[in-house]
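Okay, so subunit A shows up in both of these, paired with subunit B first and subunit C after.
On to the complex of A and B.
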């Protein structure tokens, strides 16, 4: 008896398994998130399941404008998201975090830079981001605010995003470079941070938006809600980003 | 502090605010790097001063000190307005007070003496920077503005410190780097 029932039990098990597999929801495809290079570490840590394209916000803006298949765009400057919003390419952006700038020098500090004012008096190989890249524009603001625009004559390289600036200084290919404070952290073994005074800091605000033509709009909106949630904001703060100022909400 | 804040010093602080507010700052896109740098630093210092007076006021209650602190706050806000105008006139975007997270030592406002000492810690480097600004800027209207700002801050120092402070010599002029370093711990 026991022997005769065995094939039947096995068949029932196989049918039940197949039925449960068929009724399980298909795994959602990962979202494609275009984000400022400075968000690389924090976004990957926050949600490693999505597909990311990190780079200079200006370059990402151009790619999205030309039809790149992004679901979400997170920019290091409102200018990039707002331009796409005005063109109807992204939904209304929201500010989700803020940042500050810092000057970094190699640990060996061959130029002997202790203060940002040393850039004026010492021979320095300075690396900055290109002016169209948000961090490059913010760098110009800092230098203008401090009366140090003259040090732009010491720039030896203009990079396409902030990670490239940090990399060059970390490798000792430049004596100093302007980055976000959050980009100094991943290379902290190789660089020393020189503080920029609070009164000279630019207003660095990050915006995020759903790409209007995204086929995954509901998921993209949910992802943005996650970034704005307590969990997302805590991850950003832990990475050194600043909370959204009240005036920006 | 109350006893040392006379009616005369109170009027002095108020007058300081009015004096530079009346200075015509010619909007100029040709402002030099140095002029803008002093203006940006001064704007932050003015917001810091306004925050200082607001916090000091909370501990002052309804005393003569309270009235003087209110006048000092008005003068700081008027300074901020004048400097914002200068920066805007030069085609830049001035900072707003929301751009700063002012940081005060725990004991900064714990007593009248502590409050006064904190005020000196803010106002003296500011005055020292304005002295340098007045000496170094090239445009006449900016020089007048920075001289007026220096005078206003000096009046505030006198009002906070009473007769002994009013008779004290001006602090030595500081360049922007040194003045900035002196205020950095407050500016956050």
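On to the complex of A and C.
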């Protein structure tokens, strides 16, 4: 009995696989690119032909570690790519862009936040990303540098990626949230940006790497070269990302 | 054969981590907090569902068929609604910029990112499970029994409390158990409407989602708890439904003996 079950279960899995494979176009399979949520708009605009999985870099790292079929991994923090590199799961990562943080508040600004320091004095529903998410870690750095770690007591939700933070603020559900400056742009109709001083900015570095087990390695490497090319860098700059500082190339 | 496919993921939850580690993972702060938040919000939701759902179900069950079908369809809508749609709907209705958001805020009630939001999400998605089962339970009560009680001089409220309610009790219990099972598993509407904060709005399902890339063992341990609870609920539904089918035969006059004591 037992030996008859395994093939049947496998058959189910195979059918499910065949069904999903059938829907993909046959010619020139698109690359599967796992990328930090903050890269959503810029990557889609840069190359709409590939298939993307955007999310918190930490969640993407876990998925790739568990064998997700990614060809390329672009992370909002070196930590996530470097951990996979040390585990032999991705090839050597390169830094390809940089970013800054900003505080966003809804256009109606119900809590009356005009500077970061207002977070300390006013009652505010503050939304941040979870500490394991890159932007969540960067947020902790900003608050520590500004001596504002106490406002973490006003956090009402820890979201799984930066887009979830931006969404909650844009919706007016939260009074304020920490995001990358590049995430404020797509929701600029609904939010006002409160600047964070340059001296309090964390070092936000994005790294990109080819997944070692990728069956499309040559295409994946070419894609990364395209991101590093003048065309890719211009697209990133137009979206508000910063060029890679000389020191970290 | 197909059974193996259904059972394997459930078994795998327990197989991947030794039981000792599961217990210690449950002792983590995140797991304990999530357990407390889930228990608290779901008990409040269940109280609301029972308090408002029972009379509503009785009212629906005793109406004529055309009206009843229309109302039942409305009640069942959240049942088939994708959780993400439920989350969007709750935000559009009760969000701070939603339809009733301004009114609610003017009343000094704070919903955004509070346990109230979790309770609303759970109640919205879970109540149809109770109400539709309760309607069926009230309908399966032999109509001659309430009628007999009326001829003996009992008012409508007394008939409801002393005849219909005890006779439908098995079905009501089964419905409550189903609603509870749906409620403790609530994820989509909660994360969209209430957010996720440990010790405040982070329920067991939300904790699994967060722990999944922090500490897979903790995620497994919480999943194991939910498997155990769901199994218990399923078992009690089976038992309660059996009891119900016994209690709706016209022969036993159990309520009247209870009344006379």
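Heads up, the rule we're going with is that the second predicted complex is superposed on the first by the 222 of 249 C-alpha atoms of A that agree within 3 Å, B and C clash if a C-alpha of one lies under 4 Å from a C-alpha of the other, contacts with A are read in each partner's own complex, and residues count from 1 in each chain.
To be clear about the criterion, a contact is a pair of C-beta atoms (placed from the backbone, for glycine too) under 8 Å apart; a residue touches a chain by one contact, two chains touch by 3 or more.
What you are looking at is a predicted structure, and each value in this text was computed from that prediction instead of being measured.
Here subunit B and subunit C are compared by how many residues of subunit A each touches, and C touches more. After overlaying the two complexes on the shared chain, residue contacts for A:245 are found with subunit B alone; subunit C is out of touch. Shared-chain residue A:117: touches subunit B; no touch with subunit C.
By the touch criterion defined above, A:58 lies against subunit C but remains apart from subunit B after alignment on the C-alpha atoms of chain A. When both complexes are overlaid on chain A, the residue A:145 reaches subunit B alone and has no touch with subunit C. Contacts of A:200 after superposition: subunit B is touched, whereas subunit C is not reached. The intersection of subunit A residues touching subunit B with those touching subunit C, taken from the two complexes, is empty. Note for the complex: subunit A touches subunit B at residues 115, 117, 144-150, 195, 197-201, 203, 245-247. On the side of subunit B, the complex with subunit A involves touching residues 32-34, 36-38, 40-41, 43-45, 92-93, 95-96, 98-100, 176-177, 180, 183-184, 187-188. For subunit C in complex with subunit A, the residues that touch the partner chain are 1-2, 4-5, 8, 91, 95-97, 112-113, 194-198, 200-201, 209-210, 212-214, 216.
In the complex of the two chains, the subunit A residues touching subunit C come out as 4-5, 8-9, 12, 56, 58-59, 61-62, 108, 110, 125, 127, 130, 132, 155-160, 168, 171-174.
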